[in-house]
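Letters A, B and C mark the chains as written, and numbering starts fresh at 1 in each.
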Amino acid sequence: MKKTLVEIAALIHGTATHTAGIEITGVTNIDDAGPGDITFAVPPHLDKAGKCAAAAVIIPDTIETFPKPAIRVANPRMAFTTLLSLFTPKPDVPPGIHPAAVVSATARLGANVSIMAHAVIDEYAEIGDNTIIYPHTYVGREATIGSHSLIYPNVTVRENCHIGDRVIIQSGAVIGSDGFGFVTIDGRHQKVPQVGNVIIENDVEIGANTCLDRATTGSTIVKQGTKIDNLVHLAHNVVVGENCFFVAQTGIAGSAKIGNNVTFAGQAGSAGHLTIGDNCVFAARSAPINDIPANSFYAGFPARPHKEWLRSEAAIGRLPDLIKKIRELEQRLADIEKK
Amino acid sequence: MKKTLVEIAALIHGTATHTAGIEITGVTNIDDAGPGDITFAVPPHLDKAGKCAAAAVIIPDTIETFPKPAIRVANPRMAFTTLLSLFTPKPDVPPGIHPAAVVSATARLGANVSIMAHAVIDEYAEIGDNTIIYPHTYVGREATIGSHSLIYPNVTVRENCHIGDRVIIQSGAVIGSDGFGFVTIDGRHQKVPQVGNVIIENDVEIGANTCLDRATTGSTIVKQGTKIDNLVHLAHNVVVGENCFFVAQTGIAGSAKIGNNVTFAGQAGSAGHLTIGDNCVFAARSAPINDIPANSFYAGFPARPHKEWLRSEAAIGRLPDLIKKIRELEQRLADIEKK
Amino acid sequence: MKKTLVEIAALIHGTATHTAGIEITGVTNIDDAGPGDITFAVPPHLDKAGKCAAAAVIIPDTIETFPKPAIRVANPRMAFTTLLSLFTPKPDVPPGIHPAAVVSATARLGANVSIMAHAVIDEYAEIGDNTIIYPHTYVGREATIGSHSLIYPNVTVRENCHIGDRVIIQSGAVIGSDGFGFVTIDGRHQKVPQVGNVIIENDVEIGANTCLDRATTGSTIVKQGTKIDNLVHLAHNVVVGENCFFVAQTGIAGSAKIGNNVTFAGQAGSAGHLTIGDNCVFAARSAPINDIPANSFYAGFPARPHKEWLRSEAAIGRLPDLIKKIRELEQRLADIEKK
């Protein structure tokens, strides 16, 4: 999609600072914006936005001077949300059931669903209105998927798992694989039945080849609005709060309880059977091994407060010098002792 | 499944301490047990079991007092194994070949196999008795799968790989992808043919989206009873012993030889071309880079004995204080030297 | 395949040092070679090759004495390349479209393509000459795949992605999943449209269950000759140069620009929005968080020059001793101060 600044201003009921020569091809945040993108900013982010690489910025109409092409609107956040939805391509998939799909006679399908070639919808499964199931995706017995969801190719949704509305599942993700539970008797690992399920609430996104294990009993839960990146592992009985971020290759061990609005950056992790408070942020590659209070910013492994981690890292960098200094001290002390 | 304590006692030929009001919905180990679960304990675990969250515990009939509801039996381990199997749901899959499966005329199928919709069994492959192949799973040319195995959706078993009896492969796992082998000639990486295979022995479980590369020549081997979690990587020519645990997101480099009863906790790893003795345990996120003797407990990267790792970690925590102390010492020494 | 040393010498126009009793079953590099393998060596690797486990070594015809069975040729590198190609098994897949494949009427297929059972080729997709698409692989709308490529089972190639010639994609890989981009407005994460694509140039290999996210706008790019192992994550808008190696479970964050001939060893990573120069090597589990100049060898997290990392690691090992030493110094100093 390509639109001029003036066209975009009209769409969001704003006023463009430049009336010619600016074409917008993408909509994104300040940090990722490149020369064809539009972004938005409200205080205290206006300075940063003024220096970013975006072609233009949506700003509040109370701002008089701004160093870049801009569109002034009453509510930049709302305007930006409108643009995001406008620039999101609608999947070009015809509604209906492809003749090469296999849909059980006992499955229930909503209105306008698309079940593409070679998808399999097993017995008593339910698919909500306007949901799209891509090829090679399997929806197991009695599993349910809400409306307006998008399930890409090669996804597995195992039996009895429940997925909400407006959920996006990227290719290769596995929802409801058995939890990793065994009891070792006389040196042999006996499988503990994993008879629970996975519940994914509304507006969640699940990344490519991410694995969410079903609970031993009860449910592994991902609450509404949480976004999970690629190759993430959530073990059995994990409960994740609302509006969290799990960046790629993070792994959460069994029965961890994670609050709302928590971020795990890339390649992070967490031990099992612990509780993470709301609004925590874990830096890339960090992993807590104990309960963490709300509003914490942690780093390192085992994870510790970010400031403490920075101090330790700096101290480690100075270690070779310290060793020299201690040798010196010893020498000076020996000299004194000799006297 | 839901059963009263008395019903369970009858099934395992034991005596319940309470005859009313206790319903059991799950069977699991002491650590994971919740209020609806039953677990078991023998010395020295009785104390721990007495304090755990389980609804009830199976204990030896020689134990007279126990602080929780219990069932006394002659052999708690055997009774518990019986319960595990009783509580394991049988997959609700009709036997037979679904008309939308593609099974080569040269493939050999045992009795009572289930080949579900859109599975593909390629030429000269063999599937043993009572094995279930879910949708979108591919079994390559001359690959074999034993009896009573369970291969979930979207699994790939490449040509010539061999899988034993009672093996469970979770969705998205890849068995027999090419090893990562190249020879760099004049700056270009030429592929080394990966003409070996993968052998998975009896009673192994393979996690979701886990990858086991085929050997360059010979076999990558996982011996009987080993359990592998999600998103694990085993490179070409790795040999894994019996009854090991590989927790999620662990990665083992090429040609590593791993003994029996070894545990790699989550996000662990190992360098290639080394030997790990029997009964070793690697803590989460640790990774050995040299041979490790049997019965070792290692942590950190590069992995070192766990006690040594604890000492180092404690010392790192004290580093900022040490730096202060050294500054003080310098000052005090300078004062003395001035005199 | 099995050949005698003499047969191989004839194939590569060389002279065998031994005329009987040596059978070769594999072709690989010096480090991985076992007793049935042949490898090659030129200065300065002749010593190492002389001590390796290979059955035989291809060496320059100017070398007179060598401690192992050998074949002398004018150009060992070229001879070895010939052998590699000779020992590579041709996939045993009949050309043609399997009746259970679904190929859109608008898709364009080259000569001699194989589209196996249950593959799906969506509208306007293009598949080049002699390319093989295994079962359960999805090629999305307007996606293109070049000639002589090999796409294993259960691969997803999303819409508009472009894949070159002689590319190998292992099972379960996902090409073109949505980048992980969100704008948080009033605490809720709104999806940023990911309307770019992925471009994979010629002679690239992609590992099993590896994920390459499509760009937000523009392209995520992997340049020619780069080889990527299993379970690797490349985020949106990453650009990877030519002839790189990404070993298993490595993850690269968004918009990182990586030069030519760069190696990331196993479980490594990189922060986003940075630039890595040509010929850099990152040790296993390392991860840069800033730009790195060309020709660097880095280790640790945050990544630092390998020598510096070694010094720090050694110093950490000595920390418990240092603490003791400091205590001693304090005592000695206190003794002096008392006087």
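In the analysis below, a residue touches a chain if its C-beta (ideal position, glycine included) is under 8 Å from a C-beta of that chain, and two chains touch if they have at least 3 such contacts.
Nothing here was measured: the structure is a model prediction, and the numbers come from that model.
Interface of chain A with chain C: the two copies contact each other largely through different residue positions, with under half of all numbers used appearing on both sides. Least-squares overlay of CA atoms from chain B onto chain C yields a rotation of 120° to the nearest 5. The distance from the centre of chain A to the centre of chain C, each centre being the mean of the chain's C-alpha atoms, comes to 26 Å.
Touching of two or more other chains is recorded for residues 100, 118, 136, 154, 172, 209, 231, 249, 316, 319, 322, 326, 329, 333, 336 of chain A. If you check the complex, the residues on chain A that touch chain C are 1, 25-29, 31-32, 34, 36-37, 40, 77, 80-81, 84, 87-89, 92, 98, 100, 116-118, 134-136, 152-154, 168, 170-172, 203, 205, 207-209, 225, 227, 229-231, 243, 245, 247-249, 261, 266-267, 284-285, 313, 316-317, 319-320, 322-323, 326, 329-330, 333, 336-337.
The touching residues of chain A, counted against chain B in their complex, run 100, 102, 118, 120, 123, 136, 138, 140-141, 154-156, 158-159, 172, 174, 177-178, 180-183, 185-193, 195, 209, 211, 213, 216-218, 231, 233, 235, 237, 249, 251, 253-255, 269, 271, 273, 287, 301-302, 311-312, 315-316, 318-319, 322, 325-326, 329, 332-333, 336.
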